[in-house]
Amino acid sequence: MQTAVIRFPASNCDRDAAVALEKVTGRAPIMVWHRETELPDGIDFVVMPGGFSYGDYLRSGAIASRSPIVRDIKAKSEAGLPVAGFCNGFQVLTEAGMLPGALMRNKNLKFVCRPERLTVANANTRYTKHYAPKSEVTFPVAHHDGNYFADKDTLNRIEKEGRVTFRYVSNPNGSLNDIAGIVNKAGNVFGMMPHPERAIDDMHGGTDGLGLFKSIIESI
Amino acid sequence: MAKKSEITPEIVAEHGLSESEYAIILDRLGREPNLTELGIFSVMWSEHCSYKSSRRHLAKFLTTGDRVIQGPGENAGVIDINDGDAIIFKMESHNHPSYIEPYQGAATGVGGIMRDVFTMGARPIALMNALRFGEPTHWKTKQLVSGVVAGIGGYGNCVGVPTVGGETNFHKGYNGNILVNAMCVGLAKADNIFLSAAKGVGNPIFYVGSKTGRDGIHGATMASAEFDDDSDEKRPTVQVGDPFTEKLLIEACLELMATDAIIAIQDMGAAGLTSSSIEMADKGGVGIQINLDKVPQREPNMTAYEMMLSESQERMLMVIQPGKEKLAYDIFEKWELDVALIGKTTDTGNLVLKHKRKKVCDIPIAPLADDAPNYDRPHVKTEAREVLEARDIHETQDYNDALLRIMTSPDIASKRWIWEQYDRHVMTDTVDSSQSGGDAAIVRVHGTKKAVAITTDCTPRYVYADPYEGGKQCVAETWRNLTCVGADPIAITDCLNFGNPERPEIMGQFVGAIEGMNEACHAFDYPVVSGNVSLYNETNGQAIPPTPAVGGVGLIPDLEKHMTLKGAKDGDTLILIGDTTGWLGSSIYLSEILSREDGAPPPVNLSTEKLNGDYVRKLIRGRRVNAVHDCSDGGLAVTACEMAFASGQGMHIVAPTNGKTHGWLFGEDQARYLLAVEENSVNPVIATAKAKGIEAQIVGSVGGDRIKADGAFDVSLEKLRAANEAWLPNLMNGDA
Amino acid sequence: MKALVYVGLKPGVLDPQGRTIARSLNDLGFDEVTNALQGKVIELTLNGEDAEAAEARVTEMCEKLLANTVIENYRIEMQL
Amino acid sequence: MKALVYVGLKPGVLDPQGRTIARSLNDLGFDEVTNALQGKVIELTLNGEDAEAAEARVTEMCEKLLANTVIENYRIEMQL
């Protein structure tokens, strides 16, 4: 099992993601610089970490999503490679068109950092198998642009297809349908605004996030 | 060089230089300076850079200790935390810019303090902020709060350093002059600390980071000049922060620091290229030659004067080992930063600047530093206030109402609205932060079982009432707060915010506070390793309350034995360590319930502090307690409420055995701790205390869903919590 | 040559920034404000002489980066 | 009645957003871009008939809320 974490300029949860991946897989991920044009060989799972790639200038995740490495990751994800984006990583995935919708400024316009309760909306995905259906988990959120938006048709479609994986119990940002995380149609690309990688340690944020990493890793 | 005199007395005055200061310049140069040279002198001799009013007093501070690797004098202080690890930290003010442009002022304050820390080789691991605003009802307050908080969050969150704690006060004394103090703590290897002394001759000088623009020219002199009603008109340019570039700069510098390419490094803070180049040269005893044409410039046609005085952010200056130029270029280019070789060290002892093929400055460096003014400003001692006895102070007839009013008063109300805008968790080492309302934040040293505890404290109303006792109290409270989480307090940084030092009564506050602080430092073996002075904080002759903010840092050797106020359990006994006389002078009770701000503040007995604190720490390490919280603002009642909120348990406080109930519940006697203790530990905890000569008594119990005090209040925990949480969101426009 | 690119939210996409601006203006006593929308304007300085070709390129920039067409519209104004 | 308010950084003030946008356009092959500045445009809907009076009020809104004149300039365009 070899994982990779992509580093964009001003990614800042790259180390957090690496610690989580190493804890679950027993092996350090390869850190891949955004200027690379291709993933190294033999990568089984890619994480787009949180942070403020390019300072969140223009739009969160926008500039990063146009980088050479993302083109390669997108192509490989279409061939089945599992890719997860947390927080800024989720924004990159939507900006890259790898997940539907967009993440807009929080409804009250303020950055919000707090532990947030989530319900597992679909426990039958590659990223959520370790959780009981409808169970509750707590992950920290820390974002300014986490307000999930998609047009009506898209929203209906992802709901119908069971692609909403997590919902906020008390919506911190105005996301439509309380959406906190979604998967793509094939189920291999996943994004969420809360930080599962900050919930893998009793000293810090609890351990509810481990289930997510175990789910995807075991599915590979 | 200009032949004819271009320097009129008006120009000298505009540069904030006195006649006698200008005379020294003429004497040392043996000629008239040109405008660029005058600008350089004015910046170097400003209050901000030269500490001309404060230097001789700061020199009194205890600055050494077993764990001190680097005391004051470098960009930040460095302490040893075992195993080859070091902690580098400092606090700094950005008061004036934040008043003029709250978002950018606060943001660039955070950026500046981070640069001070990573310049020395540390990865920043935590940020703190100490904020003082005007009255909540003042028309400008809301706008300032929202801008400052957004700016602090905007910068720290983006760079990816958790903001883990701080403090926030509101008082009319800050209506026209808010205080924004930011502290940064970084982690480094003790054997890889970087200093600013340039060495050698002919070594290349690199400029790295953002381009130089016409930002904040004269900012450093502005920070040392009083405000008046015209300041809205004379607004100087405020710098805009670029946290994205800062993040790249951190990564790039740390990458280069892992090699042996850097001889010396200095961030360009206030006074930019001038102070960074002169400090590097002065400390290293070398000269410096810079070709200003090489300086990356954001705007066309910049003059030498502008480049030397620009305060553009996110810039660094370094002396590189000859032969390592390519290595440096490669790293900075990888991180997409502007980088340029702009000069070299020389053996002339002079600062020589060339611009457009002309020599535009040639001045000896030593006098810039050595002859900087160092004033012994007249100071008068603050008059002592009357000591108030509790029995002479009106006792409320409605304790439920009094408790509610105190818990929803500006200084006591929850600051959640603020700290939820700060990323407290990034880097995944935050063990405890503002989130618990705890005494000190706890940040793990990555990959180890030890942690750093961090707190900032100052009670300006005490310092105003009695600078000496108040100064002692600021330091003692940090020491106590670190103790509460089970840390060994190690050292402090400070940010001394005062009014105009040319007024003897203000200077008296300054001198008194320093003496008190220093006394506490000695008593606790708790040195000052870095700090900052911000003077002239006044508007229309109205000075702020003296506010020497103190940032304390301690070490928790084993996280298994850390403590918070969250762990109080149903059935625990509440034990109060320390003596309660019911001290209501200068208390929250007096100001909030009786609208009085008089009376002497509580005295701090340093040996009692030490005795009590050492005992509490021992109890924590011996796992004798479930929760600890120090008694400070608002006394025992507030302490118990905060413990109740954090643990979700009700609290029951017994009636006093002697003295008045208001003094018992709201008195602010120092050196006290409230402990939640399991039943089987109660007797040993009290007996051991008695044996050591420490006051310890049972004051109540934990459990239920109410907060009660016999003969006083009885309120619902949830309702009180809701009120405590609602105050600030309501102020800020009714949205949570 | 300069190009101004206006980027705004599509109709139907909630604009929290605009709403807050309208509300704060009302709070300040500007009761005549019934609605506010906030958009971005990006001013590009471009090398080259051919405005038509340049405009086509700027359109490409918008599609590729400057606007997120899931939620945003854009409009280009060339300045010679 | 509508008013368009353009808010941009004053000349000489650092525009990190604009700079980053220009760089990434270059990275994407748009070499002709030599500079980018990012500003805001706020579209206000206003009650009332008198454009001149309205413009004076919008100016007041700019000074009080919409722009921070320490670092920003603004320009108002009334649309009838």
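General observations
Should a chain be cited, it is by its letter among A, B, C and D, assigned in written order, with residues numbered from 1 in that chain.
Going forward, a contact is a pair of C-beta atoms (placed from the backbone, for glycine too) under 8 Å apart; a residue touches a chain by one contact, two chains touch by 3 or more.
As the structure is a computational prediction, the values presented were derived from the model and not from experiment.
Listed by label, the chains that touch chain B and also chain D are A.
Put simply, the C-alpha centre of chain C and that of chain D have 10 angstrom between them.
Annotation: 29 Å between the Cα-based centres of chain A and chain C.
One inter-chain figure worth recording: chain A and chain D are separated by 34 Å, centre to centre, where each centre is the mean of the chain's CA atoms. Per-chain Cα centroids separate chain B from chain C by 41 Å.
Shown for chain C are the residues that touch two or more other chains, namely 64-66. In chain B, the residues that touch at least two other chains are 242, 244-245, 336. Touching two or more other chains at once are residues 54-55, 57-58, 63, 66, 108 of chain A.
The complete set of chain-chain contacts reads A-B, A-C, A-D, B-D, C-D.
Only residues 58-59, 62-63, 66, 94-95, 100-102, 104-109, 147, 149-151, 174 of chain A touch chain C when the two sit together in their complex. Put simply, chain A touches chain B in their complex at residues 9-10, 12-13, 15-16, 19, 50-52, 54-57, 108, 110-114, 140, 142, 144, 195, 197-198, 200-201, 203-205. Listed in rising order, the residues of chain D touching chain B in the complex are 9, 12-16, 20, 23, 68, 70-71. Those residues of chain B that touch chain D in the complex are listed here as 100-101, 104, 210, 213-215, 235, 237-240, 242, 244-245, 298-299, 312-313, 336. Residues 6, 8, 18, 21-22, 24-25, 28, 30-48, 54, 57, 60-61, 64-66 of chain D touch chain C in their complex.
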